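All chains are identified by letter, namely A, B, C and D, in their written order; residue positions are counted from 1 within each chain.
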Amino acid sequence: MIQELLQSSPGLLNLGIFSLLAVLLLFVVLGFVTYGILSERKVMGFMQMRIGPNQVGGRWALLQTVADVLKLLIKEDTIPKVADRPLYIIAPVIAFAPAFMVLAALPFTDKFQFADMGIGLLYYIAVSGITTVGIVTAGWASNNKYALLGGMRAAAQMISYEIPLVMSVVGIVLLTGSLNLNEIVEAQKNIWYIVLQPVAFIVFLIASVAELNRVPFDLPEAESELVAGYHVEYSGFRWAMFMLSEYVYMFAMASLTTILFLGGWHPLPFLGFIPAAVWFALKFSLVIYLLIWIRVTFPRLRADQLMEFGWKVLLPVALANIFVTALLKELFSMF
Amino acid sequence: MLGLMKGLGYTMKNLTRKKVTYDYPNKPLPLPDRFRGIQKFYPEKCIVCNQCVNICPTDCIQLTGKKHPDPTKRGKLIDTYDINFEICILCDLCTEVCPTESIVMTNNFELAEYSRDELFKNLEWLDENDENIRKVNKV
Amino acid sequence: MAEEKGLEQLKKEAAEKAKAAAAAREKGAASAKVKEEPAEKAKPSPNQHILDKYVQEIENHLGKEILEDSYINRLSKDIPTLVAKPDTYRKVAELLKYNEQLAFDYLSELHGGDFETHMEVYVHLYSFTNQQAVALKVKIERSNLEIPSLVPLWEGANWPECETYDLLGIRFTGHPDLKRILLGEEWIGYPLRKDYEPYDVEV
Amino acid sequence: MIRTEEMLLNVGPQHPSTHGVFRLVIKIDGEIIKEATPVIGYLHRGTEKLAEDLQYTQIIPYTDRMDYLAAMTNNYVLCHAVETMAGIIAPDRAEYLRVIAMELGRIASHLVWWGTYLLDIGATSPFLYAFREREMIINMLNELSGARLTFNYMRVGGVKWDAPEGWIQKVHDFVPYMREQLEGYHQLVTGNEIFMSRVKGIGSYTKEDAINYSLSGANLRCTGVKWDLRKNEPYSIYDRFDFDIPVRQDGDAWARYHCRLEEIEESLKILEQAVEQFPQDGPILAKVPKIIKPPKGESFVRIESPRGEIGCYIASNGKKEPYRLKFRRPSFYNLQILPKLLKGENMANLITILGAIDIVLGEVDG
């Protein structure tokens, strides 16, 4: 359906349909994010011998995040007097918009996808990089020393980790011969890339955690050092935008991991009767759970260690992985 | 890497362990008998000896006595008795020195009020505070 | 009004009675103690030889008349106590730290006290090498509240000296950064002095 | 050439990792600290001044509020000072109760340190695990004294309450449970490579520095000085127990971490023995006059609190109030070395170093 729309001549009707779909997706994603946050809090709580939220919306607090977001939306919006006003206002938007833009490229099932791009993977990585700009802008525009430090850390960290992230997926691209996410999933019909590319998976996982600014790489907002880092001055819905973008990215990154390494919507052998969407959701949940689990367990790295790890460990490993993959591919294709 | 894995194992193990949080405002906290909460005052037992006023480290108790209305009886009766819970630290010394146990501790500890003035508790209030009274007051 | 006065009177009386009773009890306790004390005083303190050693060492190096007094403080676990004069205090301290026989390398405590006629600085030192302790005291005239700082000898004296300056107004000359550490520079007066008048009486 | 500017940054008085109202003015170049100036006094309540108008019994609740994580030791140091002066000897049963209470407090205090330190470093879970165990201790002490933190339990010459029924058994059962949990702590944190890389070699100082700066407690023992007042200047009944003094040689945050965790184990040993030796019955309060008047003179005693040497100096003129009362507060002394340690470190290490000193602001400010 989307393909047809994309190829049809532009018109007001198309615009309307696009907008409608976009809004629909927005709500679907927001719904996911809402429960993603809730599940994170619940799982964290359980692991920490607590019950977690249990007040709003029954025993499982099903409406907790909704209430939280509503509260944030109606909170007073404060802007520091000496902040750079225009930048301060636009920063959350810069951080937030790409988070949604990347979702367009992700194939959730073979049918449920918005844009089947030939360069889907590249698109994802390129667009997600824009968020860094938003975060640095926020840090700078707040005119707060902690925010500035956080912003600077974010810039350094996210740029450094983008490279191993890209490098780790090059192996997959080599094996598939395409940057198209659909084709990557199709290529995993028989065997998932996590089996063929275990090293790449580990590098990708680490780099993606760093990209998401989550523990143990949550330096830009390290609350015990920088109070809240780049968004220390933000409140209300502006802050909510940062928070949501963070969680939308978590959603997107988990989806991407599923697509790249866990075979997307493909079922396990003999379990094909379960619908593709369910498979995707299961794998996706597993990745989310892994991210939460890591967050519960680990302490935070230090900035210089983070850099060292990124450049001296992850990048060489990723490069070696590309080399070995290329070599093996050539060797196998020879016979 | 091994250390990280061990840590992951530990948190995973705790996922299913029994939770330890209190369901506080819904269920009252389990408190031992000795717990030092807001005092309960028995005006009829008080002999106006002033010892609690003297021992109070923060000077938060104020009392006045009056002559016994029955002229044949000696001693005094309590007239007013105020504790200022803005500064009371619930240290238990007043109940410790009281010779007649006319002031004792209870297990009530919720003192939140909308105004500071309401933290000034008088004789009537302290007399009515008669729930969860401590059973054993002296060793 | 009259009634109130009556009450006041009663209260006073009751208080006085209680006081008298307490005093009587005290007397009993005190007399009991007096009986015990002479017996205890008879035997010398086990730490006497340590004190003698300290005094000897100090006299050997710095000469006599350096110390105002030296005694065993029986109330304080028999600690040998040296009382220096303000002008010899620093010298004694230096000797206590650097002399090998004494070698007090650890400053455990430093504080001052206002004794109305004079002020006092009390220093508790410990030697990890010799496993022994000493209390060094110095009495300072109220008119000239200045003694040398011990920070060059023990870094650990830094904040305690600031605190003493802050609360008592004793100035330590040669202190690298003497400041009002707890109350802040704008505070008026020195609260731990006995003649201190609180600026804001009813807070 | 890029010109960089130095920036003054106020860490605190409201900052999640200063553990109270503590302010640190740091001059930073990028994330490197050029100079650090601690500013304290935000929690100064003038305990020593207040005490001059109070009887000794009345001062005990005030000591609860200094080191509020281990109030039992504070209670004890005051009682011990008065007892030393007045020549009062507490009955055996009271001393056992005191030791049990103090050691429980020491474990609780180290647990809080462990949890909050990991929180500083960025791990959230250890905090909650530590508080799970601490809650049990707090509940036990609550049963014993009637308060969760401000115990006001000890009296000159003994203790206020006898152990409630079954309480000793509870302590007895707690020891193996706590040992088991400690295993888990090591599993979760001690072997963690990220944690190791954060604390190993951070904030290290030499033995000479530690002594020169009057550090005490784990801060001193981490440099190899085997010094614990419970062993070296035995007070109370500590000479009846068999326990070790955990010592490390490196003098860094990692060494302090180990010293503290091992101290928990040693405290458990003491608890185990104390519970075993606990006298069947006997008085819990020596015969003391209702109003205590120590003889004229002065006294300084020091004991081992979880944070180091806590001392109490009393100058008495024979009246019922002390003429001058002074507490040697270990955190106050321990904190002095901070500016020296911070020079040249980066922001993230600031938190690691400050946390490893283990300060309680109520104690620093007095």
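One rule holds for everything that comes next: a residue touches a chain if its C-beta (ideal position, glycine included) is under 8 Å from a C-beta of that chain, and two chains touch if they have at least 3 such contacts.
Chain-to-protein mapping (UniProt): A = NADH-quinone oxidoreductase subunit H; B = NADH-quinone oxidoreductase subunit NuoI; C = NADH-quinone oxidoreductase subunit C; D = NADH-quinone oxidoreductase subunit D.
What you are looking at is a predicted structure, and each value in this text was computed from that prediction instead of being measured.
Chain centre most remote from that of subunit C: A (centre = mean of CA atoms).
Centrality by C-alpha centroid: the chain sitting nearest the overall protein C-alpha mean is D. The mean-CA centres of subunit A and subunit D are about 44 angstrom from one another, to the nearest whole unit. For the pair subunit A and subunit B, the distance between mean C-alpha positions equals 53 Å.
Each chain gets a centre from the mean of its Cα atoms; for subunit C and subunit D, those two points are 24 Å apart. Look at where the CA atoms of subunit B average out and do the same for subunit D: the two points lie 27 Å apart. In subunit A, the residues touching two or more other chains are 47-50, 296-298.
Shown for subunit D are the residues that touch two or more other chains, namely 125, 129, 132, 188-189, 192, 194-195. Residue positions of subunit C in touch with at least two other chains are not found. Residue ranges on subunit B touching subunit D, taken from their complex, read 1-4, 6-7, 9-11, 14, 20, 31-36, 55-57, 89-93, 96, 105, 139. Only residues 44, 47-50, 145-146, 149, 215-216, 218-219, 222-227, 295-305 of subunit A touch subunit D when the two sit together in their complex.
The touching residues of subunit D, when paired with subunit A in their complex, are 7, 9, 15-17, 31, 118-125, 128-129, 132, 188-189, 192, 194-195, 197-198, 346-351. Against subunit A, the residues of subunit B that register as touching in their complex are 4, 7-8, 10-12, 14-21. Across the interface of their complex, subunit B is touched by residues 54-55, 57-62, 125, 129, 132, 135, 139, 142-147, 150, 152, 160-162, 164, 184, 187-196, 284-285 of subunit D.
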